[in-house]
Amino acid sequence: MPKRDSSLWTKCPKCGEVLYRRDLAANLDVCSRCGHHFRMHAYDRIAMLADGDFTEIGDEIAPGDPLGWTDKKTYSAKLASDREQSGLNESVVCGFATIGGFAVALAVMDFHFRGGTMGRVTGERITLLLEEARRRKVPCTIFAASGGARMEEGMLALMQMAKTTAAVTRFMDDGNALIVVLTDPTTGGVAASFAFQADVIVAESRAMIGFAGRRVIEQTIRQRLPDQFQTAEFLLEKGAIDMVVDRHNLKPTLIRLLQYVCHATPSFVTLSAPQSGAVEGLSKGDHAAT
Amino acid sequence: MPKRDSSLWTKCPKCGEVLYRRDLAANLDVCSRCGHHFRMHAYDRIAMLADGDFTEIGDEIAPGDPLGWTDKKTYSAKLASDREQSGLNESVVCGFATIGGFAVALAVMDFHFRGGTMGRVTGERITLLLEEARRRKVPCTIFAASGGARMEEGMLALMQMAKTTAAVTRFMDDGNALIVVLTDPTTGGVAASFAFQADVIVAESRAMIGFAGRRVIEQTIRQRLPDQFQTAEFLLEKGAIDMVVDRHNLKPTLIRLLQYVCHATPSFVTLSAPQSGAVEGLSKGDHAAT
Amino acid sequence: MSNNVIVERERGLGELERRIAELREASAAQPLDMSTEVAALEGRYRQLLAELFGTLSPWEKVHMARHPARPTSLDYIARFDRFDELHGDRHFRDDPSIIGGFALLRGRSVIVIGQQRGRDTKENLKRNFGMPAPEGYRKATRLARLGARLGLPIVTFVDTKGADPGITSEEHAQSEAIATALVAFTTAPVPIVATIAGEGGSGGALAIAIADRVLMLEHSTYSVASPEGCAAILWSDAGKAEEAAARLKLTADDLHRFGIVDEIVPEPLGGAHRDATAVVNATLDRIDAALSGLTALPAARLLEDRYQKYRRIGQWQAEAQEEIERVH
Amino acid sequence: MSNNVIVERERGLGELERRIAELREASAAQPLDMSTEVAALEGRYRQLLAELFGTLSPWEKVHMARHPARPTSLDYIARFDRFDELHGDRHFRDDPSIIGGFALLRGRSVIVIGQQRGRDTKENLKRNFGMPAPEGYRKATRLARLGARLGLPIVTFVDTKGADPGITSEEHAQSEAIATALVAFTTAPVPIVATIAGEGGSGGALAIAIADRVLMLEHSTYSVASPEGCAAILWSDAGKAEEAAARLKLTADDLHRFGIVDEIVPEPLGGAHRDATAVVNATLDRIDAALSGLTALPAARLLEDRYQKYRRIGQWQAEAQEEIERVH
């Protein structure tokens, strides 16, 4: 597990409440006072979702420095520092797990690594996952969280939109289902590629979702945007996404969606999945224990 | 040729100009003063378009009276009177011709027969045409003009939307091109089926095009609509159609479109079509002589 | 006063129902035996019911189809094993007058799509009285394609006066939206079962009603135009709607005879809302049975059958023509 | 004063050009032989041209790509044999910042699509400075699918700062529009040739640039973000754009080395606008040659090659990694 900030207390950025970290984790990183969804770490997210084991793939592939980028720091130094702080070696963790008894390919992006930006390795890992999921004929679930394509890898980062699109189309053309969950924030090149190419697009409550960043738009139009703009709820109203789900309902929702796309009959569900009853009765905190 | 109103003079409904019928016909039924496009008779339209012969199909199929409809008159009597006045036995004329040297399936609807409404036979003829065009692997061009589905045939008329859609999808799934020209007026069940299922949607200048009729909308919203509403030019701006073409440019435009969709190479065009030069140099009145 | 003739008739019945209930209560509370009176009133009630609803004219069926208490799409969907609504056309808006999503029906994963009118004034405003905008049809198209892609059967419920006839709907290309929906339903290589649950109004209804099997509730209507619209168009007199209703052949029987409807779902005396649970369950049973038959077919056969089914409707054949005319 | 560094430099050159022209005229009108003076000035002019434009920094190329006189998509399309514009997204609007339609190129029927900025202020307002709204990308998607359906090759011209970052564009799901365009270009079973003609800005450029063969003009740029945007994002200082331009590796040479661009189209000294006709014709020749090669391939091979082409970019392989790093 990643090495991370180990202080005991943290402050909710939304309501200012001081929260005991262990309580916060038990509540799936949701503020118990105002419901603010903290940005989750990838492995916490996986622990919350997976029934048990998670078999990671592509983790041996680590980003190089293709452009030889340096500004205040070298890109390599930035990567090293992000690795240190997030416990990840790229902005996405990919692998296979079962969720509610359904075998799935799972990719989870993490804003704590380079703002979830998509670099070569981000795209490569997602592509590898989709290719393997296609071979295994299992649905794929991607948790998006991204500031867009990564500047320090230049056009090689942008081209990951093309590469992942190619992988998504092959995967979907075989009749496999892609379910994407948009989490805070999902923007730029990630929003404009696999995130909006999915069969089902779920967004986590209050997540900020858009193509252009809020600041860029405000600079362009020279006025402040309403708070509601680009939130998950706003996008639902604008018809862009299928549903908005609170983090506590995310796993049960995903299991239901997997049942539909896997054509699960009740007998199948009874035999191999932890049953719809259990799913619906799932209470807060249950996941954190996984 | 149909028996029609044989008076020598007619008045432009737009600008009031009194026009000599023969001049009007020579000008493709376009008012020489204000450019108003009169609603054309199907065979005049065909004469304007076809290089030479037109081989009609489906003309032996004539409408019955499936609902046994009577209001002030019986439906049969209405049909007889429309036959008399329009020279047609249904609201569409279908067949095969060459246009600019390209073999095409051609359907021309005529507002003068039951307001261009789509009855069973209208749908049946268009379906037969699409099926035969699919066998011959030639593009299909439909000139739409319709007040919608025909009341006096009830649901059997509405189901022509389904039937023609089925024929259109089979025709197009084989890679054949469908070019539709919307003429004044194109509304209701015709607009909402094959007219808007085409690869290319051309509209004749100033044609009224919409799903709901103007009166219906005005009654619903209880206010007068602007004159521009539902015109071809309005729809172009709203992104609904590909282009607006003046009647005098219609044949040359169609030939160009046929060249594209037939993948005509210049050599092919030189060998078998009346050349692009001739097409572009085509002057007013040339068509009427056909 | 309601402008729905069925609701009007029910007013008197409701009075009688209340009196029977009171009498029963009184009878239970008192030593006096009033069972004869109760039985008499009940007899009268049954008699009235039969008189009022025993045979319904087309015009009465139009009102039955529009009855505010008639089960709506959501009432059917509520009795699926489970429903997860999917929203939006992915471009512009989520239109609440068409609802849809994943559902489990008798354990089978399906895509369900239905037109949804409001069950009260407030909901009607939100749902635009069940008249979908282009965004609604585009949502339906998207969901039909989702079903097609994932191999999920499609179940639809039709209940609309027609497509929304407003300015914005025209500006957003209502014709294109319906035309494209027709293509999506025509080409989806999965079983489709449509149910005409309430009013089936024109192209706006057909847009989600192309199906391998079309069910229709006994007192639903399905028409080329609303009777009011037909009367306005043909006779410039919406007041002649009743006459139009009679002429349009918009009842389940008529449409079954024409081959447009495959199966009629019976309703209790007085209409589906008098025993909504039973009607909804019976309908779902029939949908399930239809799906069971259709899922057995390979996709190519399904599509060929669907093509021929629509190809035949109104096809010109001397025999067919004669047969249709013999009916009258 | 222009804020385009190339235009600024051209100002002095223009002065010199005028003086040479005057001198020539005077020389022709007078008996006096001034050919030596003219030759000297011309020599000076050539020397200046080489000094000013002989080598361009990435930042200078950014300005060259944005030069107001640089050939735009319509300038290329004007030299096709013929062009018939098709309009609209069929849903909502015709976005003038993306143009497209049928065209004949060297006798070959193609679908052509290009981003179109204005050539003056008025046109720029109409065309939103070449920044497409979702409706523009949906038009591109529709046209790409039309080409796919009819078997027509697709030719695109990229020239945009990026997708429009406005409120309405977000409300109309810009992300979805671009994501869907990427799918359309990825899956079209017809040859696609893209040309980076001017500025290739971010995902808004890539949306119409997935192709079997990507050409790039010598002084065009193609970048993950505009240098100004990159500087603002990384260093909260748009003023550091020049530094960002240098770091981003946005030149044709860089991108050719990375395998993102297949072919570089040379420009005359001073940029494409100094001999637009020749540059445009040379570009069209190369597009035609690329199409000739690609149309020979069966569709399955085309799609497989396209997949592998994009699959390889940034693929992690020890060797590839090493090779890329050796470059620096």
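Which chain is which? They are A, B, C and D, in the order written, and residues in each are numbered from 1.
One rule holds in what follows: a residue touches a chain if its C-beta (ideal position, glycine included) is under 8 Å from a C-beta of that chain, and two chains touch if they have at least 3 such contacts.
On a predicted model such as this, the values are computed, not experimentally measured, just so you know.
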Chains touching both chain C and chain D, listed by label: A, B
Inter-chain centre distance, chain B versus chain C - centres from mean C-alpha coordinates, in Å: 34
Chain centre separation in whole Å, for chain B relative to chain A (CA means): 52
Separation of chain B from chain D, taking each centre as the mean of its C-alpha atoms, in whole Å: 41
Contacts with 2+ other chains: residues of chain C: 90-92, 171-173, 176
Chain B, residues touching no fewer than two other chains: 196, 238-240
Category of the chain touch graph - line, ring, star, complete, other: other
Each pair of chains that touches, named by its two labels: A-C, A-D, B-C, B-D, C-D
Touch list for chain C against partner chain D, complex: 90-92, 134, 138, 171-173, 176-177
Residues of chain B touching chain D in the complex: 172, 175, 177, 196, 199-200, 236-243, 253, 256-257, 259-267, 276
In the complex, chain A residues that touch chain D: 61, 64-72, 120-121, 123-124, 127, 149-151, 153-163, 165-170, 173, 188-189, 191-197, 209-213, 215-217, 220-221, 225, 229-230, 235, 238-240
Parts of chain D lying in touch with chain B, wherever the complex brings them together: 81-82, 84-95, 101-104, 107-109, 135, 139, 146, 149-152
Residues of chain C touching chain B in the complex: 163, 165-167, 169-176, 178-180, 182-183, 186-187, 202-203, 206-207, 210, 222-225, 229-230, 232-235, 243-244, 247-250, 254-255, 258, 260, 306-307, 310-311, 313-316, 321, 324-325, 328
